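Next, two complexes with subunit A in common: one pairs it with subunit B, the other with subunit C.
Moving on to the complex of A and B:
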């Protein structure tokens, strides 16, 4: 899919406690993006939200988010999924030929409003899993981590190294919520256990934040920016909800999503053709599982890759140079953050997190228990 | 003008009635009252579910072939609960397991008693300890305990 739909502008903000109302956050993100681009609401043909009604605390919560996003007497829709899916939805609307621009808005206030883990707890099968009372987001992630470590004979030190890689990058990034300067694998290993082997710093932090992304057709993109970032391919796939029927050490739904996205983008050897990856790994061990599914590494090589610095910002294949979801997970905006961070990288505007001259990036957003649903985008300049 | 305040609010949700599809879970619960497991096998792919949906999630066909599932199995994964999901530390660490019961393909979750958490490993054998008074509910599975076989 060559140069048909571009990302022409992004705006994002996050904090452990953002000290803003939801309406103010949305207004600041969208008004800020419009001011950057020199546009007004009338220049936006359609707006797609990615929000989670449970976390917002209201049903059909987008109706209250329309006006602060500049949606008044205008076209609007919503996904109750990760923001990568809203980016896909917007892309398809533009590809339909009926829209020239699509604004993606996503936010979540899990830092101060409500525990982020509860949205998974209340998504559980009510007559079995909830009655048993053993399954939740952390226990499921811990089962997955234990299986992953055991399969390849890795020790907990790999989890510390992966987390330290992300957290060190996050500490360089003013757009990330969790700021831990001088973080080391040792410090990660000293953070308290939640569900063994998972420790606090292996897990995403409860985060407030949101993002606004403007997509445009090729024709409109030329008018709006000198630095369009093209959406070259996309794909998504859904695994089963039932983790007791899955091999948690692999992510076949991410593999399928990536295959579609790479085919669309004309990429046959991702490990060579992709310059960096932004992966929504909510827990440290998910990063190599998802990176393997994206064709970027063999999970069995993870210890070597992370300890040799290959995944660092200046490494051969940087993974989450932004700091990833361990730096912040404002559900369900996290995939949108990965898209926005990849966009800044491709425009050469990622500051201290900048990867050297990247041309192609892969982005992964996920939903559900142990990355049940995965959406993959290939971006390029 | 710039001051932001936080207001606490609580929802009083209605009571939901969840309808249970007769087949798989009822079959499992009836068996558990007798101290044994009953699953359902997909006649196409052979996958044995416990509890079973009324259709195979992989083949997308109705399934109806009940099979016996052993109450002994193998630890496929485990975690030690050090603090609950709301972040409150546990008084004692609790071991949660995912177990593949003999004769079953889907795994089952349970707690493990009778073993120090530092000695648990994937691949170890465990068995169900059934409750003495069984009522045909999920509580009939009291916990897992180490098995010698």
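Moving on to the complex of A and C:
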């Protein structure tokens, strides 16, 4: 899928408490993006929202989003999933030939408005898991972490190292919500337990935030930017809901999604051809599991990779140079944040988080319990 | 133009309504058999896997599951976590009164794992592979909580 659909502009903002209404956040994101590009909302052919009715607390949760996004009485649709899926939807609309530009808008206010844990708690099977009341996002992630550590004989120190890698990157990034300067693995290890072996700083923080991303056809992209970032491949897949029959140490749905995306992008050796990865790992241990699924490393090598600095911003294969989802998880915009951060990297505009001369990136967005659903995009310049 | 300051008036907007799910024939049979201290599962005709609690379809084979089997009430501890928090109503993170143990139990001859509370073992003594047995409530009501917990066998 060479050079057909480009990301031509991104805008993102997040905080633990953003001190804005949802509508104001959307207006600022979209207006900011339009001003950057020197266009008006009337120049946008179609808009896809990624928003979550349950977390907004109202059905048809895009009902109030049209006006601040400049979409009033214009072409608009919505996905009720992670924003990577909205990017895919927008990409397909452009590939249809009927649209030249597609605006993606996603936001979530789980920092100050509602608990982020509702998202998974109320995805649970209502006639069994919710009746028992033992399973939740955090206890499930703890089982996954224990399985992962046990399988390879890793200690908790690997979790601290992975989290510290992400959190240190997040502290350099003004677009991230969780700012912990001078974070160390030691500090991670001293944060309180949620469910053993999972500690507070192994987990994403409740986050407010949103992003706006403009996609364009090749022809329109030339007019809008001299730094287009191309969407080269995409794929998505869903594993079973039942974590009690999944091997939680692997993410086969992410593997399948990545395989399709890489095939489309003509990538046969991702570990060599991909320059960096933006992965929505909501918990520290998910990063190597998902990185393995993306063909970037063997999870069994995780301790060596993280301790040698290979995954750091200046390492051989930077993972989450932005700070990833441990820096912020504004459900369901998180995957959109990964796309936007990867775009800034490929344009050389990632500031203190910039990796050196990247050409190809892989982005993963996830949803569901223990990364049940995965969407993968390959981006390049 | 003067920047308008956002205000912090935050009305509480509860969503408190009730869904009346029907559990369906499978879960109904499972719950009813709890009254007789029996654990019932279903077996896939294609892959042969046994699932407890039972469900109607096998995801990987796309087969209807209709062979019922009574399964053993013993097994091994396949995974465990010590909870230091609780999510009240599934959402608000609060410190647990005291740490508690959750286990994923691999019942003998069952392929799916069963999530349950684990008791009578100190967190420091927990080990994957420990033999476990089901412990029932004294008064059985055909309810989810009839199977009270697992403990070392």
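Following the convention adopted for this analysis, the second predicted complex is superposed on the first by the 381 of 381 C-alpha atoms of A that agree within 3 Å, B and C clash if a C-alpha of one lies under 4 Å from a C-alpha of the other, contacts with A are read in each partner's own complex, and residues count from 1 in each chain.
To be clear about the criterion, a contact is a pair of C-beta atoms (placed from the backbone, for glycine too) under 8 Å apart; a residue touches a chain by one contact, two chains touch by 3 or more.
These figures come from a predicted structure and were not determined experimentally.
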item: Fit-or-clash call for subunit B and subunit C when the two complexes are aligned on subunit A; value: clash
item: Which superposed partner A:223 touches (first subunit B, second subunit C, both, neither); value: neither
item: First (subunit B), second (subunit C), both or neither touched by A:194; value: both
item: Which of subunit B and subunit C A:314 touches, first, second, both or neither; value: neither
item: Footprint overlap on subunit A, comparing subunit B with subunit C; value: 19-21, 24, 57, 115, 117-118, 121, 126-128, 131-132, 134-136, 138-139, 142-143, 146-147, 150, 192-198, 240, 242, 244-245
item: In the complex, subunit A residues that touch subunit C; value: 19-21, 24, 57, 114-115, 117-118, 121-122, 124, 126-136, 138-139, 142-143, 146-147, 150, 192-198, 240, 242, 244-245
item: Contacting residues of subunit C [partner subunit A, same complex]; value: 6, 13, 15, 19, 21, 23-24, 27, 49, 51, 53, 59-60, 79-85, 87, 90-93, 102, 104, 111-117, 123, 128, 144-145
item: Subunit A-facing residues of subunit B, complex; value: 4, 6, 9, 11, 16, 18, 20, 25, 47, 49, 51, 57, 76-83, 85-87, 93, 96, 98, 105-111, 117, 122, 138
item: Residues of subunit A touching subunit B in the complex; value: 19-21, 24, 57, 112, 115, 117-118, 121, 126-128, 131-132, 134-139, 142-144, 146-147, 150, 192-198, 240, 242-245, 248
